[in-house]
Every structure is written in structure tokens, then in C-alpha cells.
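Below: a set of structures, written as C-alpha cells.
Presented sequentially are two complexes of subunit A, the first with subunit B as partner and the second with subunit C.
Right after this comes the complex of A and B.
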């Protein structure tokens, strides 16, 4: 269908569902389409094409990133959004709540307007502002009969801007009343209900051509005496209606008497002020759209129109204005739905017509907050509000850098917000550690421990693959992931066994309390400490540490042989290092290790050779231990003796 | 704290840096550079806060900063430093280090030099080449030192195509930031909470000194050296903690100050008033730490240059005591005596403040809320 902003639809090349197979899948903010290329027997390889169709996010992201110093912190209206959520949680008196809602609404509109100053696709933005303004008048301010028309007049004046430039043109010329567009200007001022200004124009005409001074004066008086409701006025609606009726009849009399017959311009003005439809329709060009026609018509035929009667006038105005020549556009349908107070329809039409969710999501959210003040039933369900906000926030996550904003929106969706956030946040691409840290911070603030763990695990795995064992450990610590810490320690130990020395001593030597995260990590730290002690020739300490590593079962079984082998140089020292007690312990460990060895079945020569080496080692150990035991007993015996 | 101006610039700002003033100049700072991140297209931009003498159509404030020029940058801008008046060095998440040159006559930026594979996990020669983000850069004309997630330290010289010196696997974790101590010595901080001092005069690949906290291995994200006392260093950690270290004395920090609620991204001593320190954080705040006391004679001691280590020896002579007070309240072990006054400078909480810089009475900072804040009245 035709979209409000006139975006052309894009055809994906070469997708012919009869010839080729096609499949597609929705992703966050985008559509993935794949099709098999035509099966051409001449081609050797045929791989499917994959298209990624993505919404053009230009206008969308421009609203979000309004470059405006007038609205600090008003990025995408998030602070307005957040403030609004907080406001409704407070118990406020009706009036101040109402004021806040209106203020928030005006805030959103100023975002749109500020954006209009910046970007090129002004038409869609001005349409958005037009719609929002009308919604504000009808649904938020809920203007009653009387003020309603004044608001509508303001609305029209705000959105039809040619008057000012025309006015400048005419007034700037030497002889304003002789200007080509003079009467156009006066007419349009009357159409907009700006009768004071119209009178001023007429006085210029009166000055310039004394012949028509008389009728100009009469017309000016009519304009001056038209009863209108002014803000400070205390008269009731009935009084106003009466006065207006009298005035209307006076105008009618002037028409009957052909007072203005000498001036066709003035006569047509009179007819306009009498609300004559034909006369109004003659000014189609100046009115430029049907809703201007509607408001003018109301002004001069039924100024005390009630809100519930609006839609009759709206529909007939649209029909009369279009005159069967053209059909309504999406914008027209949206405005009609608004005049009919059918919020549901307004949202629906906007969702279809506008290519982004910003508008409907924020408008619906705002209207949802208004339901406290509704006098008639505008309930459309909080579900719709949440649905639209979720759509909007998901769209933010699809954008490379706007995910941080999306978080705020998910926070305020009570049903599905958290779950959605959990799904989205894990899928943010993390190309630097700094970005990962920011994502993790968001998760931690919301106690999303599962996501923290999963993200840290991915980062730790990447680090291990890149041989950044310190980084891997750092991520394990952040996630308090003991299992991964064990994995990292095993890597270190494996490296040690293969190379005979430790890599990354800066890390292992400085583990600190992180050592406690996993047993394997503790073992690694302590094992390294053993080596340090040995290097510093603190043999007694090294010996007890080595023993404790085995007896406390911190050392993995697979490493015991290595530890026992490490004990050999200590056993072979000139002085006795291991006490008798300790030697017994070591022997116990050795027996423990050898007795549990699996029974060998069929084994090849290599296995046999390994066995040989193993047996030799064990024999050497037994010998050393026995010798040490003997020396230890003798030494302890003689010490006790003396 | 009045008169801090915000401007929304449609890109998340990762780094802001004042252009240095010519030595001996009496002007105040006028130009700053910013780097962006997380966009599909990132930019290095130069801005000016010079007086234009007129208000713009918004009725904008007279201090409002204006864009002078910008240039596309591949990858996130991870760090940014002015090399000299015209050249800016940028560290990229693609592992590339670029020197940009500013042409004042036609207000453009151009690429002057580039080291595209400064940081990587597996090298450019191998089929499974993977780059690593370059996380920090520091300049001392003509030298440039860079560090990265690959744990590598590079020493470049402007106009030399290849690195002068590279220390591979200097660290098994990620190096987050680097600063010069004295010219041949640099200091790095990493993601397992260690400070390491490297001396380029030495041949080996080992640091000459390692310092760390005894507690949890909290990653350190930023570091800055005291402008006058080259052994005093401040670091900021992932838990928002500010630590002050004296690298000559022991391996532990001298003071630990609980500060922000989340990662501290940058810490800066004020270059001419080093009793003032500034920090910014992921928690959206920017703090001004004022350790100056009201004693008037203190001000005359500000400009004493760095002292050699003999004065820091354990002498109990009067002379040592005088210098003890010069050594600044940052190192004071008596918290009651030297109170530090802390002010939050931003008007309201925003998304993360990623970067800040101070020069004279001017401060600039950039946030994830796509805003740049500038004030020219820091000490009023």
C-alpha cells in the first residue's frame, strides 16, 4: 500500500518463487531472505543468495538523535518517557497530573519540531506533529465545547504557515491594498478567524479608496463584533450562542440588503462569515486542505460545537472538500479517526502509515497514562501499549548504537520487558572489551545473572582461544565462574607439563584472593609458590607445601606423579628435609597412586615403553623415599636421644 | 558549578581531548578533538569554542562549541591523544593506530600515517589473522606508545614505518591504559589489577616492577601521572575505586578512595593545578576532587618540579618534612588533616561519561548520551 512518507517499495532481484525456492526469517528489525539461484546445469557451484532486508532507519534515527541545544537530555524523548512512567506512580492531585501530561505531550512535540529543523524529510515529520497536536487537543486536554474550537483554530494556524509570508509580502509593498494578493490575504485571515488583522487590512483599503470606505467600515464593524469565547470570558455557552445568533442574523440582513454588492470581494467575505459552504469551497486553494475547511466551517456555522458532534462535520467536510475528485490519503484517515475519538483506529492507521515505531509507541504510552482522566471509555488495553513499546525497543536494539536506549524502554514493560531484554542483550555484538563491560553493567544492575555468566563465558572462551589466559581468568572472576577458572588453570598446568616452565608468571604469581575461586586455581597458585620457595632455597617450607598439596587433595590426581617427581630433588639433598612422618605420607601417596593403576590389557609397544618409564620412576621414588626415611629416623632418633 | 554547556551531536563520544597550547602561551584552551564509537560510521572531529561574537539562531549560548572539521575513522575510537599542535593519534578497535593531520588553512583532517596491524591476536602472516583492539595510546614527541587487548606494547616513532620496539605478550590479560613516567619508562594497567613499569632502556620483555592491590584483582581501566611528581600515579578501577600510588614506595597503593558506582573510565590530574583531580565513570557522573587546603603558602609550592628520590628517603630532617607537604595531600596518610572536597560537575545523571580532559580553566567531557559538555569556568 501507499505509505505516508511515499517510500518506494523495494523489489528483491531474482526472487521468483515459481522457479526457485525461497525461504525467509524475521530477525531483530530485519528480514533474512534466501533463495536458490536458478538451477543451471552449466554452473558448477550454485550457492544460495542471502538478502538482508533492513528498514531504512534514517528518519527514525534522526528523530532519536535530534541535534538541539534547546532540548538537552531529550534524546528520543526518553527522559519524557521515563518521567511519564514515574509520574503516574505518584499520587497527585488531578490538576497537576493533568498539567504534567500536557507538558510531556508538548515535550514530545518539541522533539519532532526540533527534528524538523535538522532533517530533510520534513513532510512526514510535520504530518506527525499535526496528528500529535490534534490528539493532544482531543484526548489529553479533552477540550469541551467552546474552548474546543479555539484549540482547533490554533491548531490550524500553527500548521498553515503561508499566511505569514504572504502578509510580509503584502505589507512590505508600497501600496498594500493594491497588491495582487491583497484580497487573498484578507480572505485567508478571515478563514483563519484572525478578524482583527483582517480589519487592519481593510482599513488600509478604506484609506486607499475612499469610495469603498463606507462598506469597509461596516465590514470592519461586523468583524469586530463577532462574539467569540475568549479565555478570560465568564459568559456561559448559552449566552455566547445567543449573541452569536444575533450577530449571524445581522450578517444575514446585510446580505439580503445587498450592502456589499459593489464589492465582490467584500460580498464573498460576508458569505464566508455566514458559513456559506459554497463560498467556503470557492476558497479551496487558500484553505489548502479539508481540515482547514472543517475548522472554518465550524467557526462560522457552529462555534459552540460539542466534541461528540465533531465527526459528523469532519466526514462531511472531507467529502465536500474532495468533491469526489480524489480519494482520502492515509493522513486524512488518521485525522478522521481522531475526530471520531477512535483512538484504536488512530494508532492502527499510524502504525501502517508511518514507517517507524517511535510515534505510535510514545503516543500510545502517553494516552495510556491518560486513562485516569477519561470521561468516556477510551480503554484500549495496556497490552497494546506494551506491544508497541516492545516493538520500538526491539528496533532500537537492531541499530548498532541505540541499544542503550532500548534498555530503558524494556524496563517499563511490566509483562514481557525483562524477558525481551534478556534475549536481546545477549545478542549484542561485542567487538571490544569496553563494550562488553557496558553490557555487563546493564545486566548486573538488573540482577540478570544468567546473562552475565553466559556473556563472560563467551568472552573467556575467546580469550582462551587467543591465548590470553589472564583475560580469561579475569572474565571467570567477574562471572564467579568456578568451572571456567578450573579450565584456565588446567591450560596453565598443561602448558607447564609440555614446556617444563610456567607461562604468564605475572598472572600466577599475583592471583591474590582470586585463587579461592576454584580448587584447581588454588592448586596452580600454590604449586607456583612451591617452585618459588624452592628457588629461594626455603626447602623445609617447600617440602611441607608440596606434601599438603597432595594430602589436602587439592592437586588433581593426574598431577601427583609430577609432584612426587618434584619431591625427588628434595629427597636427594644432603640434609634431611622431609621428616619421617612426612616421608610416610609420601609413601602412602605413592602407593595410593600405583595401586589404582588400571590393569593393562592389549597394549602396544609405546604403552609398554611408557610403562617402563613409569616403573623406573616409581622404583626411583621408592628408593629415594626409603633412603630418606632411614636418614630421617636416624636423625630424629639421635636428636631425641641427646 | 555553573555554566556548563551541553551539545547533542548524534554520535556516542568515546574520547575528548583539548588541543595543547603552545608552550608559554597565555591563551586559554580553544579547540578540542572528539572520537566516537559504536556507530556504523565513526568520526574524529575537531571543535572550537572560540568566541564568535554572535548568538546563533537558537539564541544559543556564547560558549557553544562548533564543529570545525571531521574525518571518518574505521572502528571505534578507543583512545585519542594530541601528538603536537597539528597531529592527533587515534587508537582503533580494529587494532590500527592512525596519525591524523589537521590543516588549519582549509579546516580539514587527513591521514598522515597509519600502523594498521599494531595489535592482533594471530599475526598478519597467518591465515587465521585476527586483529585485537588497541586500547590505549600515549605520546611524547616523537614517540608514541600503544597497548591493546592482545597484551602487546608497541613503541612507534612518527615517520617510521615499522615499530621501533614491540613487547609481545607483555601481559597475559588486557592492557587498558598506558602513561609515561619518566621518558624511558612507561606504566601500564591491566585487567587483573596490576600496574607494571617498563623500561625501554632494558632489553628484556619483563617489566621492571609490578604493583597491585592485595585485595580482589579488580581490573584497572585508567591511569594518570602527577604532572610534577613523576612517581605519583592515580588509577581508576572497574569497581569505581580511585587509587593513588607512589611507585617508589612498595608495591601497594598509598590511598584507596571509594568513588563511583561503576567503572571509572578516566582519571586526570589537572596539569597546572595538580591538587585537583577529575574522574568520570560508567555511572554517568563526573567528579572534581579538590585536595587543596586553605593554607595560603601552599600555592607557592605548586610549581616545584619533580624531586629526585633522595628527598623521599627516610630522613627525618626538617627539609624532608617540608617536601612531605609538597608531596601533596594525595599521598597523605592522615585523612583527617587533609580533607578532599568532591563535587559532581554534571547537572543530572546521564548515561556513561566516557572521557574528560582539563586544560587551564576549561573542561570538556563526552557521554554515551551523545552529548559533549564544556565549561570554561572550572575554578570559579
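Right after this comes the complex of A and C.
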């Protein structure tokens, strides 16, 4: 049967048949596969099911769809993304640039945290933030020895949060120091380097059991005097190391003297503060993970650790913590790769482990701006950054509502962004006029003329099929499609002949220069103009126009009879409108028309009937024209005479 | 990385041979040995049967959607030697045209790029390929290439539209001079490339030889603006080849073996931006393939490794480089 284990692969099986085809097809962003029948049917038989599969987009695409009140831009990270591209384009001094990069990084992290509040799959998001945070510390802030440990402490404190609930429990109780979890709390605080808070706890114990007050105070002093690097501190790293060494030796002396022998808890704390591995490992449960173990270990054995030495400690911490009982999980490998400053490995592992492109695309982009990625020439994208962004953006297009976000990303992919956008944008379903206009605007803004043309043609076609000729005409004009404009104009003219009036007068009246798109369209516009002039009683102008339509050959022959018939009322007016010259022209047109009339496969009876009607019309016209000619000649003659 | 977003119960009474999404992914056409062609509206995860088209007298092998600018048009081909073109008018689907010019099963239909007009290529077991061009008013003009492949033609696929020279804006109404090409695969184990000459006749331009058994499918990759052309082919011999030609004028195509499967490979298909090739493996799996940094084709949907991410293959290539 089908296997969709939640693993990132899909295996779909087909049944053997004469023509065995496991059929499938790519849709825009989707793949469809045909599946096998239920396994209880052993015979070859129908497999009527089709599965439509799509690559997952962001973890929170669900949120974007359901929570339209929330500004989707904030949740997508797009403003950060765009801001970042712009920042890189500016010429900034180095410090300012990196400050901005850090700010963008923090923005991304807040996007992740915002999603955690909305989303159900918190663990993935939490992992994402954990990794991103570490990357920010190591790759973007590039913390040196000294501050490095402080950052790592912050990092651990942010992500191992059990302390707060434990603290609330213990402090909230009547007798905190007698609480079951009291020593757990103190230990955790020490493990996290929160020595001030630990001291406060100890003072409660001192108050509650005077017998141990003495040693509590000694321990408290030790905690208070541990040398740490603090901002604003003017000491150098060497000075700090020296001081720390002295303090460490003092702790060692207390251990040798068995000062805390009466309190196993305090003795254990002392060993922790001495960085004793065995003691630390006893606290596995409280540490809860190996990177906490790593940071605590560093805090109490090598607080001035250099970044390049991190990976030694990281690997051994992982090994010690797992103790051969379990194997590293994907998250562990990612963090290890980060501690090893192997950016490519981080990205690779993240791509595999995290089920979305958002993370790797944005992180890689950010790192690229830090110039940390070497440029590798990939076929699809000139470098890894572009490659991942293309994948991410393509994924957005597969979702009906997220395509607009995708556009921004394609814009910032210099190699293949444009062509990818061209290929994707044509596939957006144009359900509403509004959506079509949005899509067109995107294309027009980027001078994607082919796509504009194609989309307009599609819309024009749809309009014609729904008999919305005005709409069809506007779309043809926008598409600059002469052939289609001709087609639609013909329909307009045909409609006019059938019903005696024009539809969509507004449009035709206001064609403007667009009229020139096709001869037929020009004719339509001018013919309408003729009617307008007639309506406004501008007979002379109307007459000239009518004639010119025929003589300039703009009017299709098939329409000449109609035009000549339109001339009749002008010919029959009291005053002479057509001049003699014009009348001669009209006569010429009429003769032209009648002498060369082809017969298009009409039946004999129809032909005869038509002939009758036609003959009558022609006779009437000839008569009218002759009368007008006479009157015109007389009029012109007398004018000249006087 | 992927999830099923829709399950469509087509209710076909026999084997489904083809399923194709329309241009926008909103409609699904399926065809089957039960002689019917069905069309579904599959928007928003739903399935609404729009049409159940009867007209063929044998199993229907393939369906193909025309470009939406021509309206809603679907072509189907069948064992009954016919090609039927169906059209939606006023909300109902009807048979618009029937082409019965073949002496044997018609195995494959493929619409040309919309820039060329409305043109359908059909490949048949009688060895011929016919090209139907819509000339207006319900009329279709037929050109036939006889003996395109001895024994039979199994697949046809058009090259993407590329205008020779620069793409300057043509004056309205004037069509650019496209060079029309398509590829076909046949029972003579060959892939042939066909080009339309100035006089409108189709000429065999190239023979691509590499398969040792019937070619079952060919797929010409969409263009992403690079000067290379790419064709994928698969065969009864279990092999899938990727053919590339670096320059349109040089006309030398070099094959690269994607993979040798253990059984016949039926179908190959490119994603929209041509960066992933889907292959219907003889071992009855659909696998996805992508070209990595060093030009090797890597499977990116390998079940055994449990890796489904695209960049896994890419960074594997990078790993080798480092």
C-alpha cells in the first residue's frame, strides 16, 4: 500500500497490469500519483484512487491561512528578508553593518517565537530557535573568548526553562528549604551559573537549619566571589584567568579539607563548581541535554574558552552525556556542526531534519550576507543561497494564497529568479478579476511582457466564451493582441447587425490610441463615431467619415452594404449632404460591391431570396444616389455661378 | 517534506493509465481502460466530477490539456486508434473533434507550446506521428509523418518555444519565426527529433541511440533561459537517459545515464522549472531526481536513507568537493 510515514518521502506502488504505467504528473508545485487498490483484492483490478501530493510549505502556513487578522508579512519574515537585501546594498561601516545583521537575525528569531505561540508543533519551532540562536552567537556576533561563554550561558538559560516552574514551586511553598525539590533547584541554579540566586536559596536554608548555617555561608561566599566577565569590566582576559585560577584553587582547598563533608548536597555543589565531570554527570536529569552539560562544564573548567576550541569540548560532552546508551539525534548533529563552525554541514543537516524550507532559506541568506558562505556554482542557482531561496519561493507558489510572498524572494535571486517567476506566475489560477489584476501588476512591474500577453489572452478568451465582449476587448487591448482584437471586434459588429445597437458603448467610445491595434478595431471605433456624429446631427462630418471608411478600405467588404444602407438617411435629407464628388465615390463603391459579389455556398432558395432583397436594396440605393447626385450638381453649379 | 493534500476517488472501473492536472492545478483529467475520460474539479482538497466523457471504444492511454488561452480543451488517445478532442462550451464538455487517421492504437498525445497555436502531436503503434493544427471554425488540418518509428511510436514531447535571435517586440499581428521541434520515442529503440521546415513539412533532424529496447517515454525539459536543451527518455530496458545539447546549432546530443532500474521504466516527467525529474520506476515506485553540483544525477527521494530533502543531494555533491 502507500507509505506515508510522516517520513519525508512518499512511496506509492502500482499494480502489475498489461500496460503497467504508474502514472503521474507534475502540476504547478504538485505531483499526482495513482495508487494501488486495497491489498485484500488479490486480482488485478481497478485502482481508482489518485493522490495529489505537495511539498510542505512552512510550518505555520496553516496560521497564515486561518488567521487573516494577523499581518502575514510579520510571520513570514519577509520584511526582515527584504530589509536584509537592502541593507547589504548600502555602504555601511563594518560595525554598523554587523549590528544590522544581528538585528535582522533577532527579528527572524522573534518570528519563530511568535509562531510558537500559535502553532501546535512547538518542538520543531523551539529547535529552530535553538539552532538559529546558536548560529547567531557563533557566526554572526562571532563572540570571542570571554563573552562567548556569557552568550552560551544566556542561550542555555533561554532554552532550558524548567528552572522557572521549579523556582515558583519551591518559593511558593511554606518552607522552601524543606521542599522536596529545594536542592534540585539550588543545583540547577548552580548548573546555569545563576550563583546569586543560588546564594539566596542557601540563605533560606541557613535560616531554617542553624546547624548548617556556617557551611552555607562559606558556600555562599564562594559563589559570590567567583570571577566572571561582566560588561563594563575593564579587566583583561589574562587578569580574569588569573583570578579565576586563584578562586578555583580556593575551592579545591575546601574540598581537600572536607569542609562540606557534613552536607552531601553542598559537597556535590562544590564538585560541580570545580568542574568535576563525574559530579556533573550525576546531574544528567537536571541538565537534561548534552549542550547544557557542555556549557556548565565550560563555565566551571574553562570559562575563557576560545571559539576554535569549542568543538573538542562539544564532541566529548556529547559522548560523555550519552554514555554510549543512545545515539545522537539530528538536532545533536546540527548543534555539533555549529560548534565545529562547519556552516555547510549545519545547513545540510537542517535541510534534512527540519521539515520546512523557511529555516534553511532564511538562515543561509543571512549567512551569505555575512559573506560566510563560499560560492559554489550550482546548476540551479549560482550559489547555495539562491538555490535554497528558489526552493522556498517555489514552495510558496504551490499554495493558493502565499504566491505574493514568493514574488519577493524570486526578485532577490539574481540568476534564476526571474525565469522561475515567469514560469510560476503563469500558473496562478485567475479565479477573480481582482486576482488577475494583481498577477498582471506583478508582471507589468517587472516588464514580463510575454506573461502579460499570455494572461490577457487567457482572460480575453474566457470573456468571449461568457459573452462579455467589452471585457474581452479590454483584455485583448491590454495583451496587444491584434488578432484577438479583430475577432472580438467582428463579434461586436455581428451583434450590431443582429440587434441594431452596440453593447459596451463606453469602452468603444473611449478606445483612444488603442484603436490602432487592429484594422477591424479601428473600423469598429470609427463606425461608432459615425453613429455618434449622426446622433449629434453633424451630418457633413458623419458623411465624410462614412465614405472614408469604405474608400480607405478599413471597412471589411462584408460590411459595405450596411454602410451604404446607413448612407440612405443622409441621402434622403432635405439639404444636400454628400457632395457630387462624394456621391460619385459612393456609386463607385456600390458598383464595386455588386459586380464582384461572391456567393458563399448558400442554398438555391436562400440565394434567390437574398438576391431579391439585395436587388431591392441596390435599386433603392442607386435611385437615392442618382437623386442626390442631381441635387448636388445643381447646388454646386449654382454656388459657383453666383 | 511532502504531504498528501487530496485523495481523489475517480471511480474508474478499470486501470487508470493517465492522470493530468490542468495548467493551474485546479482540474484533474483521468483516463482508463474502462474507456472513459473523467474530469474533476480538485480545488481546495475537494473532488467534484465535472465530466464523464464517453466516446472511445477501447482503453484510453493518455490525456493532455491544451493551454488555457484556447479555452478548456482536452485531448485523449486510445487503443481504438482514435484521438478525440474535447471542449468545454457553456459549462458542458463535449466531443469537439475526432481524428481517426491511424491504423493502430494511438499511444501518446502532446500539445505544442501555445506560442505555435493549437497543435497536437499524436504517436501511434502504426509507426506514424500525426500533427493536428486548429485552423479555425472547427477545422483541423492534419499532417502525417509515416514510418516515424518502425513497429510503433510510444511517446511524443514538444520542445519549449524558443525564438531564434533576440526577442524583440514584434509589430502587432506578426508572428515570430519559431522553429518548431518535438521528440518522439519508439519501438525501434530510438528517440527521434523532428523539426518543421520552412515549407511546413516535418523532417527528422536527429536520431538519439542509446536504448536497447522500446523507448516508453520522452520528456523535453522546460526552458529556464539557459542555452542547453535537455531531454529525458526511459525504456523497456530499464534505463533512463538524460540527453543534453549545449547549443541549438551544434546539434550534438550527449546522453548521461540517470539510472538503470530492474524493470521497465514507463514514465518520465519534469517539474515546472525543470529542476526535478520524476521517474516511474519499474520497481513500481515514483522516484525524484535532481542534478547535483558535479553533474551527477542524484535520487532525492530515497526511501532507504529516509532523506527527502532536495538539498541533501546538492550538499552531498558539495561534500565531495570539500
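Following the convention adopted for this analysis, the second predicted complex is superposed on the first by the 437 of 642 C-alpha atoms of A that agree within 3 Å, B and C clash if a C-alpha of one lies under 4 Å from a C-alpha of the other, contacts with A are read in each partner's own complex, and residues count from 1 in each chain.
In the analysis below, a residue touches a chain if its C-beta (ideal position, glycine included) is under 8 Å from a C-beta of that chain, and two chains touch if they have at least 3 such contacts.
It should be emphasised that the depicted structure is a prediction, and the values quoted were computed from it without experimental measurement.
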Quiz item: So, does A:387 touch the first partner subunit B, the second partner subunit C, both, or neither?
Solution: second
Quiz item: Once the shared chain is lined up, is A:278 touching subunit B (first), subunit C (second), both, or neither of them?
Solution: neither
Quiz item: So, does A:344 touch the first partner subunit B, the second partner subunit C, both, or neither?
Solution: second
Quiz item: Any idea whether subunit B or subunit C touches more of subunit A?
Solution: C
Practice problem: Look at A:461 in the shared chain and tell me whether it touches subunit B only, subunit C only, both, or neither; answer first, second, both or neither. | Solution: second
Quiz item: Thinking of the overlay built on chain A, is A:613 touched by subunit B (first), by subunit C (second), by both, or by neither?
Solution: neither
Quiz item: Both subunit B and subunit C touch subunit A; at which residues?
Solution: none
Self-check item: Residue numbers on subunit C that touch subunit A, as the complex places them
Solution: 1-26, 28, 30, 32, 34, 42-43, 59, 61, 67-71, 89-90, 114, 169, 172-173, 222, 224-225, 264, 266-267, 269-273, 275, 278, 280-281, 284-286, 291, 293, 301-303, 306-312, 314-315, 318-319, 321-322
Quiz item: Once bound in the complex, which stretches of subunit A touch subunit C?
Solution: 3-4, 7-17, 19-34, 44-56, 344, 347-348, 351-352, 355, 360, 376-380, 384, 387-388, 390-391, 394, 416, 418-420, 423-424, 426-430, 449, 454, 457-458, 461-462, 465, 480-483, 517-518
Quiz item: Tell me, which parts of subunit B touch subunit A in their complex?
Solution: 5-12, 37-40, 58, 60-61, 64, 76, 78, 93, 121-122, 130, 132-133, 135, 149-151, 169, 171-174, 190-194, 196, 207, 210, 212-217, 219, 238, 262-263, 282, 348, 350-352, 368-371
Quiz item: Of all residues in subunit A, which touch subunit B in the complex?
Solution: 65-73, 75, 400-401, 404, 431-435, 437-438, 441, 466-471, 473-474, 477, 503-504, 506-507, 510-514
